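After this come two complexes, each holding chain A, first together with chain B and then together with chain C.
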Partner chain A sequence: MIKIENISFDHCIKCTVCTMYCPVSQATHLFPGPKASGPDAERLRIKNPELVDSSLKFCTNCKRCEIACPSDVKIAELIQNAKWNYLKIHWFRPRDFFMSRTDLVGGIATLFSGIVNFIIGLSIVRIFMHLFLKIPFRTVFPKYEKTTFRRIFKKELRWSQSEYSKKVIYFHGCYVNYNNNSLGRDFVKVMNALGYGVEMKKEKCCGVPLIANGYIEKAKKNAVYNIASLQKGGGDSKIVATSSSCTFALKNEYSSFLELDNSGIADRIEFVTRFIYNEFLSGNIPKMKPLGIRAAYHSPCHLERMGGVMYTLGILKKIPGLELVVLNSECCGIAGTYGFKNENYDISQSVGKSLFNLIDKAVPEFVITDCETCKMQIEMNTKYKVLHPVTAIAMALDIK
Partner chain B sequence: MNRIETNVIIIGGGATGAGIARDLSMRGLLCVLIEKNDIASGTTGRNHGLLHSGARYAVKDHESARECIRENKILKKIASHCIEDTGGLFVTLPEDDPAYHRNLIEGCKYAGIEAKEISIRKALEMEPNLNPDILSALVVPDGTIDPFRLSSANILDAKERGSTILTHTKVTGVIKSGARITGVECIDLKGRKTEVYADLVINAAGIWGQEVSALAGIEIKMFPSKGSMLIIDYRINNVVVNRCRPPADGDIIVPGDTVSLIGTTSKEISYDRINELTVDDEEISILLSDAEMLIPNVRHTRALRAYCGVRPLLAVSGEAQGRNISRGIALLDHHERDGLEGMITIAGGKLMTYRLMAEKTADLACEKLGIKKECTTHLVPLPGSEKKIARKSRIKDFTGIPDSVVGSTLYRHGQRLHSILTKNKKNYRVICECEMVTEGEIEYAIKKLEVKDLVDLRRRTRIGMGPCQGELCAYRGAGLFQEFGGSTPEESVILLQDFLEERWKGMKPVLWGDGLREAEFTYWIYQGLFGMAHMDEVKHKKKKILNKDILPADAKTDNKKKKGK
Partner chain C sequence: MIYDCLIIGGGLAGLTCGIRCASNGLHTAIISGGMNSLHFSSGSIDIAGYNTKGEIIKKPFDYLKTMIKENSAHPYAKTGIPGVRESLNFITGKFMEEGINLNHNNDMNHFHVTTLGTLKPTFLSQESVFNTDVADIANSHNKIAILNFKGFRDYYPEQTAANLKKNSMFKDKEIILGDISLPYYLNTEKNLHEFRSIDLARIFETERYLPRIAEEIKKASGGASIVSLPAFIGIRNYKTIRSKLQEMTGKFIYEIPSLPPSILGLRLDNALKNSFINLGGEYIAGERVVSGSIKNNQVEFVTTRNSGNIPVQSKFYVLTTGSFFSGGLAAGFDNISEPLFGLKVKGENKRSKWYNSNFFDRKSHPFLGFGVETDSKFNPVSGSGKTIKNLFCAGSVLSGYNPVSEGSGGGVAVSTAFKCAERIIKEIKND
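Showing the complex of A and B:
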């Protein structure tokens, strides 16, 4: 018997709205949906843990069900918990181990980025990965940078930051550090234009890929490290992140899912677009030149869960010369590391299909979205380049 | 008028009647069991299903205690799929007299009940939701027993051995020939009369036994003691939790399948009120506040239903109180007692002593009929409880049916699972999402388990017993009666309406919070969306239909013929 503390499942009134909104249960009959896997099944699991269903693994943790639920049931959280508490997977899973160690793998890969990028691009290697690591052949891995963003910051950017009277602490996350240095540069540029200097604390991977792959203890360790590090001597300056999933983890999941005390930082953490939105609102709008492009905007699931989409749209609308097509809310299907696994590939693709169609119909020049894995998925499946909202602003600032 | 002849008539399809039918048919006798409502719809389906270890009686009533522990051990063997060997705890709260703990240990020792004192830390490990302020804890071999499954399995066995089961058929009179009873008259729901003749009539009508014996002009006096219980919509405990004090109101929480039951109150009622059973607010607040003392979490849970039952105890002396009166078994041979040959009455006892009651009754019956066969019910497992529960992973690998479905079906039907969960589309369609009841299970129940309406179906499968109380499964279930039970669409709608009314009755006393929200939502679905608010026209038709068979075996062909015309 487990000690029953989290009883949000008991508020469910079985309206089934969540299942209607679940992109995975729309895509496959293998997943019975959030109602069945969350509140319904929780009662059965409490009765007897052996009644846990292996279909839980198909949940992408996109959290769309939680947005839809009128009873505030923490459905996705219940499913994540059940996945790892009841399914009890102990054996070593090389693929999941490396996929979830984004900072470890990224740290090494950036040292040999040329070779690594070359090797993982080879068909023969991709066949090998398909067969032995169960990573779909069609996966295009994000390229590794030659260096890390931290090194760039230390070498080039740090010196000028003390010129600004106000400051923000930047949580860059693994993707900026190892795969997309230029987003980090754009962030610093935009912050500086707003009159903020950027500071960085030591950080580890936020833990999202670890949680998704069942390494809860390791995720907790990282979280404890991050909470301590971000708390240290920051005063009350905001902690700003460019990844929507990192933000959600730092601000919400550390306490609600990992059951850690993040009260010292939770209120100071902000997703970058909300931070900029508030600056814009108070009249702090830097000079931007007309971009003259047409872009489609895709709202990532986790940003929707945080209620952050309106801020992104708010700042995008302030960019002159940006013709914006706001796409209907759809899940892209990648869900972090989910779509990078053979067993999920077909589901991931069919979940994403409606989004890809919408993008094609919009005939944009670029796609804009806030999330790095959405970006990978869209770039893998459409012909468009995907920009971060911060990059869009940086582009408008750059125009001479 | 129909006429049936048989060896023995059993009046009452509670656990006792079902047990007698099985026992006698195992001794080679043909029985007709007549039940006015459904199997286990009387007191048998209205208790908290505790498989007593006997500890609750160990201080005051050694005979009952000994009976309990003996039957406890037997049932764990022969009825394994109806029983959960959860174990039980007796915990002393700061409010309780600490001396009772000692008395209880003594009493258990005397009665042969294994009772072990454990540390408070150990108790909290066993049952983490327990009140951490307890002063002492005792482990006893309590368990839980599912009365519906138990009765149904006994009936199934009796039927497979040649007995006839008439449910929804009420005994209205006895047929006498001189000073001997030779049969009974009965009438079914649609008003059709049947005469059943037999060498012996057994009155196993529980609390209604007084009425039944009156039909034969015999007076027996029952002592109705009402007990109310509350259902919590999920399991808040996995071990039976008893309060270590002399039995009183609200002192036990029993886990039962997916829910937990808080029991019970005890209140004398007059015999003429045994059919109008309502739970009042006072009882509910007693149960809730007392249960909270044992498991503080109760405060945050959702009470699903309140219900009550009447203990079928035979009055021995006037001043006894509900709980103090012996739960002993009373077997009356009316030839000896009243000079009327051909009828015996069995009453008293407990759900979990049903087998012993059946054995004693069958022994007497055989003696009277001159049959020399020994009882074997303590040795032969019930249908579903044969051998060890099969590895369910095998079923799963073969069919791909999810564990939650396989496990839930196994809980309910034991080994009969193999004839239910075949690789058939029906078993992939979940009809009741709270309790994981598939279309296949419903087909099996309707065809094999004496199911005549949705309420009966609920007793066999748990459909509609989860937190939604039928919100999503009721209409699907009603539809399936057309497919598997041959009901017409109108009849299905009536079944649906009756079912919803029955669910509503039990929910009404505990409607607040999330339960209320859910009920409102259900109301909207059925009354608004499905238009059940306009059912009066259908109700009108009901009268006409009642003169027909609700579920005639050949209804399907009948309907087709009509369509053809």
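Showing the complex of A and C:
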């Protein structure tokens, strides 16, 4: 059966423009490109699923092909679907298993963060990981925090939140919880400055790394959990996330890819910069002092696909004393867990090269971007520290 | 947060307008869903190629006077002839800054060779298609080589040659046909790519195989001193590649636009986008405007696919959404419309009047002349008949001209967009 909503491949006019903009087919001849792997192959696949070929694994799901397509074909979605629906994998893959269990691994690693950070920094361990887990030797893992953001929130931040008449529900995601507590603090600070108290619901990993690694059933379980949890109480308060990928999953992929009913939350989910933009637009702009820094802005692929770059730029331009160099849109190459795998390392580096060059050319003091994995990739490959837009605002609020 | 100028549609028109506004310091954004028609074009910019009888125009700027006289609703009548010139100077300057030289033939049209081997008059071309040497070399040498990359599916040199031979300029020339190949890249087990122009352009772009390619060119082209290849000799660094190849082979390398995707067009698109972003413009790709709200004869805000409850606002708006092909105009069963604002459209509603039965009719097809109606300032008229003052229209969404039968697409896009930008700059200054 052909699902009626999935026939966008039929709108393809065979212009090959998508392949022009695919960063992976630019980097390797082993990937036939979005046109051939998407709409072209789909016509055959719906007749005979065995025709799916293993080169689909090269696609990073960056969605640049969809941005380029003049006929609105859901190319990346076709590829993602084909990759995991037809290519069912049953054997145990230790690396992919642990890499995609961000909350399981994060939960344990934060308990023993000192040891964990020490161990994964050791050359000998990295050689082991390279050989046995097929994780590139040069990968610099994000450091684990000593505690989780949830614990910090419970202990220190929660008490003052009821002072605010309006409230938002914060979806912090794994990265803030285990690897970057300070972004969570910055979020609370900025929301409070806007007059919003922050509340949190129980949450599991949004499922992005699970989907990317083919654990679709597990991703569905997490999604069902999150939908139910976020739906409970909270009225019509916005559910705000600081990760662009989590936002995209909660808002779009739960329904479009996992085929779940997220209608109870979809309209309430906001990426943080869009939320702030709307506040700024209605005149609710907190007092910020001039930052006096020069920063380069990199727009993450998934944020572009959500049409969110407009909002991030809108609020960044409101920060006084922030000299902003907006970089030409390029993929950083990391694509979630993709670049953390041996077999993708060269492609990932080659994709990111133009972005790294652009950053160097801009001579900034900082790089600003909305996505945590873009941040990791840029920090691994350039000498610059990468800030989240929310952190930039928090910095401007802090200046006395 | 409220833009000075919001441009809907990022084609040649939208980008020209955006660059002009941004270079004047206006807070400018372009929202564009899907790539524009430059990706399907020859990469040359036409101003006026044919008169109403279908005869070739030699001096386009002289002919513009006739054009305007015969059709006072023509966009060129609204930009004025000096306006056309000023806009082209402006945009060629911007291309130059981005490393692309667009050449003209002493203010006259020149020909470029199409994929099919026909000759088309145009005004501005990249140097691999027209420069001051090309005519001299073509006239003084008798042999021409038309080469292809072995395995490339979108080009048939035999056809180019057969059609060129029909032309008096090439009747007496000896045409050598041949292939160049890189065996490594034809190993389909190792390489899954499709061999479209973009795949080949990327091989050239690496510059790694140039000596090898130069050898192949020499071998295949015999004694010819002009060698044509389908346009794929690199994207960003095509100038370097071309001059290296010329040096290594001692031959003049000429490019023929291939079937889409067009690398010649891609170069122009890259250059314009770079220029716009470097001037501080915000280019929002992959986003579509779905509707616009008009109140008191002014656009209040527009809504995009993702903007939901947050209106996107600007002091001025420019509609450069292209023609039917790009979605700027929409065709129903028996009506045509402008889908975003419901603007008044000039054209025929009856389906049978949209096209000619002969596909390659020199008069082209009537639907290409359909479009939005505007006043002399490029302000359109709303469905209720009122002029909308803060909305301008430019490029192929306009009515009053037929880009194909006139050979005027690029010139109209650039000049009308430039004029709209000038108006907006002036109004904002007066504010």
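The rule we apply is simple: the second predicted complex is superposed on the first by the 395 of 400 C-alpha atoms of A that agree within 3 Å, B and C clash if a C-alpha of one lies under 4 Å from a C-alpha of the other, contacts with A are read in each partner's own complex, and residues count from 1 in each chain.
By definition in this document, a residue touches a chain if its C-beta (ideal position, glycine included) is under 8 Å from a C-beta of that chain, and two chains touch if they have at least 3 such contacts.
Bear in mind that the values here come from a model prediction, so they are computed numbers and not experimental data.
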Partner chain in contact with A:I7 - chain B first, chain C second, else both or neither: first
First, second, both or neither for A:F280, with chain B first and chain C second: second
Touching partner for A:S71 - first (chain B), second (chain C), both, neither: both
Which superposed partner A:S55 touches (first chain B, second chain C, both, neither): both
Which of chain B and chain C A:S25 touches, first, second, both or neither: second
Contacts of A:T16 with chain B and chain C, given as first, second, both or neither: both
Partner, of chain C and chain B, that touches more residues belonging to chain A: C
Partner chain in contact with A:A41 - chain B first, chain C second, else both or neither: first
Which superposed partner A:V224 touches (first chain B, second chain C, both, neither): neither
Chain A residues contacted in one complex by chain B, in the other by chain C: 15-16, 32, 35-36, 53, 55, 71
Complex contacts: residues of chain B adjacent to chain A: 126-129, 233-239, 255, 257-258, 297, 300-302, 402-404, 407-408, 430, 433-434, 436, 466-468, 471-472, 514, 517-518, 521
Contact set on chain A toward chain B in their complex: 1-4, 7, 10-16, 32, 35-36, 40-44, 46-48, 50-55, 71
Contacting residues of chain A [partner chain C, same complex]: 15-17, 19-21, 25-26, 29-33, 35-36, 53, 55, 66-72, 267, 274, 277-278, 280-281, 304-311, 313-314, 318, 326, 328-329
For the chain C and chain A complex, residues of the former touching the latter: 1, 29, 31, 33-36, 39-40, 185, 190-194, 196-199, 202, 260-261, 266, 273-274, 277, 280, 282-287, 304-310, 312, 326
